[in-house]
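In the two complexes that follow, subunit A is the common piece, with subunit B as its partner first and subunit C second.
And then the complex of A and B:
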């Protein structure tokens, strides 16, 4: 428990530090939300000055930071200049959509990577392993953007899947099964892009971790004792190889909110990606800062979960922690 | 006795009247399609369409608000334009005014008073009637300094606000502090607000906080052809037909034709093209020349239209700001060249505008020599010279201004100023606008032939605006402005030296040069001139002065490129915004379901 609270304390400090940095960098970037109005010859500079004052853009930075922090503590998370409303409801809906996409993609990617990595490790150095290595290397070098665009072009040519968005126009009138099918169809392309981009790294890590364990003397002994192959691989080898994989899993959780932004923009998925991109370009400050803070929270939580899992899986960490 | 006899008769009459009233009210509520005798509907000429169906368009991102009082972005304004209506409207095809909510208007002989008569029987999209009080309320809100509505600036003339008063339930009088050459165009785009919904929040000081996209459909109303139905965050905005809309076709069918209008939010131009190609959207606008040619090559059930040059003008300008002590020695040295009119004229002579049209717009654009884009049919000065590119003339002008040529470090010809220093400067351009980045590169190449060394600096758009309008730390910049209207009023802040978009030297307290003072005078005079001929004469002269002095070196104007499915009827893209949806009430699906109600 003490271990958990210590990590939690670190996480809070980290979040506080990130909030200050994110606030500073975003507010110090040149330009502000109302600058584009300057190019509208019909709007007088006095109106823009009044709007800047109304949204406190003329106040000193520390005052604005405290005001924003106060809003965060009250659950509003600041105010969006563009949407003219608190940031929280705008962000939550998009974060939910992003999580739906990334959790699905992460589960599928891990679901494929674990057996495939173990399978490949078992055949380490042989033809099937080498073929898989080439395939993963090829996928690794293709940028996410190219992968997503390639899938989109394929879809436009074949018409198999919708080219973006999350649901069809008639989604509301569909039956429950129909809704599920519709959502699944819309998710297929972005999920495929995310899985294909994340899979090679996972397979390679699983393969390397398990292959290292398979050569260990205790595995030879276990094999000598006649333990069945499947039990040997999944109960013993994978468990021993779990440490780096748990860290990687923590990283996967950390990337849940930030790992799909590019794919979302390309595939018109209504998640955080398009919102953050537009907010950055239009200097909708608090949406950007909250987006960064949200992603950091996931990163910190991912690390925290990984630490707890490691604590649970690895007795050495428990002992070290108890010794402290 | 009398009373006893009169009793049942009175009761019968009352009951009959009540029944009739009830029936008529019931009918009106149940079937708003049926025209009441009093309704004065606006009959639109054009192809008679088919009722029913759903129109789908893509917007490059989400609109941000439904509230006309705070809408600052193009997408919100486009959606609001469809849900709201104005008193007098500029027809995007003819570029002339036409009656909208106002049945007619009369201008007093001194030009200071506009008497506007509203149509009979107008109703908001929630069925509530519109009267003069709604108009009064609307202008009270627009003019309220605490609301900070962008519309306020349009209603302040010579520092004084327009006043509005009610004559009767359908007549309002607008009193202008000074004659205003714009005339009734002033009312275009000023949405009449629903007093029954906004008065309470206005009194509570919350009128700017309402009308978010999450507003419930029954809490928002307008006078446009479509009304709010559903908003799905990040995905789409669904509007439905306004059954109380005040326009009909020539056969008397109440418009709009479509039952639903859906805006899909698509974050980038390429995805928008893919959606159109795959048949998910019915029309597409604001296409780049590249995408237009791609779509034109693979016509699959759709038609592509080049509507001709629009009102966007792209230009190069130099930093002519007087920053006083803040000016760096380097900028001071460069500003000596930039302030020399022959230097600017030489740059203008060296720029190959035809090449810009050919290479940037693939031939789908027009070279520019003045601020009035060729899409503006009434206000361009046709006498303005369109000199072809001439490096000889450019060299002669530079020589005349004291420049000379020497050899650069690599042996190439280099332009030197009167102090023998090489002419080198940078051109800022927006990194998010590929067309302007290409223009800057072509200018770089053109000026290299004069011996000038130019660097192109692409900057993120807000940073660029910050440099140009705030810190003013730049040498030159390529930018573009799309006029909102054909009338000179829409660009007044570009012309006037006190204007915020007088980009080469904005917001001057006093005109920095004699020719800027002269332009100020001409533009101010044309704003109060009474006749078009008077205004045009003054405006033509202002255009001449601008062309002589070249504070902005005009480059090119792109064509308005659009496309639509062959099944979309009445598709007639215009060169004024909104290019495709300006006649949304008349757009119809030729393959709409047959059983749609009439």
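And then the complex of A and C:
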């Protein structure tokens, strides 16, 4: 328990630091949201000054930081100039869409990688294993951008799946089953892109971890006891090999919000990525800060979850931290 | 020391690939920003050796393209009009390696242009733009990695060597940077720099931003190496003989970090090339008319291009051999330079 609290405290400090860093970066930048208005002769300079004053853009940095912090604590997370509303509701909807995409993709990727990696480790160095190695290597050298764009080009030309956005135009009028089907169809393409770009590394890690364990003398002993193959692989080998995989899993959780940025933009999925890009281009600074902070929170909590899981799964770590 | 075979192999592959891009002026048949407004979105022109009558030609040729009847953007091959490929032809002027003026191109043609990868909306030759774009993207990757590694080296060496509160402070900041999602940080930093600037300025801006973002990981690795090197016997001996800090660092400690830095470079360069591509693709990077691998792809964001002109996608595949080369290089460097660190079966290595 003490271990847990120490990690939690650490994470909180980290988030605090990131918020200051993000604030510094964004406010040191030249220009603000209202600068575009200077080009419009119908808006008087006084109006612009008044707008800046209204949104506190003319106040010194610490004052703005404190007032933003205050608004975060009240659950509003600052104010978006472009959407003319508090950031929190906008952000939550987008984050929900992103999570829908990435959680599905992560589950599928791990669901494929675990059995495939174990299967490959069992045949280590033989033909099927080598073929799989080559396949993952081939996937690994295709950059994410090329992969996502390639899938998009393919789909647009063949028309197998709907592209762009999350739902069809008539989504509201569909029945529940129809809604589900529509959403699933729209998700297929971005999920495929995410799974394919994440899969090779996962498979390689699972394979490496399990292959390492399969050589151990206790595995030979277990086999000698006549424990069935499946039990041997999944109950014994995988559990011993879990340590690096848990760290990797924590990383998968951490990347849930930030990992799909490119895919979302390419496939125009209404998630956090496009929102961030839009607000960067229009200098909607609180949205940017909150977006960065939100995804950092995920990254940090992913690491935290991994730490806790490791603590739970690996007795060596428990004794180590108890001794400290 | 003799080179082990895989390392040499990857170095040769990468060398050839980079040489092609560095000498883009020679290998590209046309000027990358030369427009041909009458021929927008030409499809790729395949090279042939056999003509329509089944005769074999020793000189490769392409067929000229003509508009299909009743359409305005559909081309078809005009088999009556072949365009033979001429080698070492003089064409648009360029400067080889940036200073040697030359007009000789690897290939060209007499009447119609041969556009191997087609043309873009302004009729610019995609193949030439791809080669010239590689110069910008790869240079951005190289310089960015250089920046990152020098920052990482300085910070890591300072933290590891001096220790104490300096170590604590620097490593806390590094942790902060590691906690931020990389792409988001890149965006946020880029976002708050001027948006519309000239290509050259934009290029250096990109390099600076990319280079500044990723220093934390190499810094941590360097720190680890310096920490262990500091306690080695020969370093202690040198210190005992009265060597100064700067001498120790320069002579004994920093050379120890070279293997980590080399491996990190092989990992970082493709990652940074991809970062440049991503930024330019999204319109935050090198702007038109200068070609870069990212902005070559950016018109794929239009639905009409996606549907009708699929060959605009082909430049995306140019990265693949480079990625392969760098990945291979990174894994064989790792095997060679840090054998004690590698478990027998490294997941990151190729096959």
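Quick notes on this structure:
To be clear about the criterion, the second predicted complex is superposed on the first by the 316 of 324 C-alpha atoms of A that agree within 3 Å, B and C clash if a C-alpha of one lies under 4 Å from a C-alpha of the other, contacts with A are read in each partner's own complex, and residues count from 1 in each chain.
The rule we apply is simple: contacts are C-beta pairs under 8 Å (C-beta built on N, C-alpha and C of every residue); 3 or more make two chains touch, one makes a residue touch a chain.
Being a predicted model, the structure only gives us computed values, none of them experimental.
Looking at the shared chain after the overlay, A:142 reaches subunit C, while subunit B stays out of its contact range.
Touch criterion met: A:50 reaches subunit B, while subunit C stays clear of it.
By the document's definition of touching, of the two partners only subunit B reaches A:35; subunit C does not. Of the two partner chains, subunit B is the only one that A:89 touches; subunit C does not reach it. In the overlay built on the shared chain, the residue A:102 is in contact with neither subunit B nor subunit C. Using the contact criterion defined above for the overlaid structures, shared-chain residue A:156 touches subunit B and also reaches subunit C. By the touch criterion stated above, A:26 is placed in contact with subunit C alone, subunit B being left untouched. When both complexes are overlaid on chain A, the residue A:281 reaches subunit B and subunit C alike.
By the document's definition of touching, of the two partners only subunit B reaches A:166; subunit C does not.
Taken together, the two complexes place residues 29-31, 152, 156, 164, 265-266, 277, 281, 283 of subunit A in contact with subunit B and also with subunit C. Remark: subunit A residues 29-32, 34-45, 47-48, 50-51, 54, 82-85, 89-90, 93-94, 97, 152, 155-156, 159, 162-167, 169, 172, 265-268, 270-271, 273-275, 277-278, 281-283 touch subunit B in the complex. Listing the residues of subunit B that touch subunit A in their complex gives 54, 56, 61-62, 64-65, 67, 70, 72-73, 145, 148, 150, 152-154, 156, 208-209, 212-214, 230, 232-236, 238, 262, 264-268, 271, 274-275, 277-278, 280, 432, 460-463, 465-467, 469-471, 479, 481, 484, 490-494, 499-501, 507. Residues 172, 175-176, 179-181, 183-185, 187-195, 274, 277-278, 281-284, 297, 300-301, 303, 306-307, 310, 313, 316-317, 319-320, 323-324, 327, 343-348, 350-351 of subunit C are the ones touching subunit A in the complex.
By the touch rule above, subunit A contacts subunit C in their complex via residues 14, 17-18, 21-22, 25-26, 28-31, 124, 130, 133-134, 137, 140-146, 149-150, 152-153, 156-157, 164, 201, 204-205, 207-208, 211-212, 255, 257-259, 261-262, 265-266, 276-277, 280-281, 283, 288, 291-292, 295-296, 299-300.
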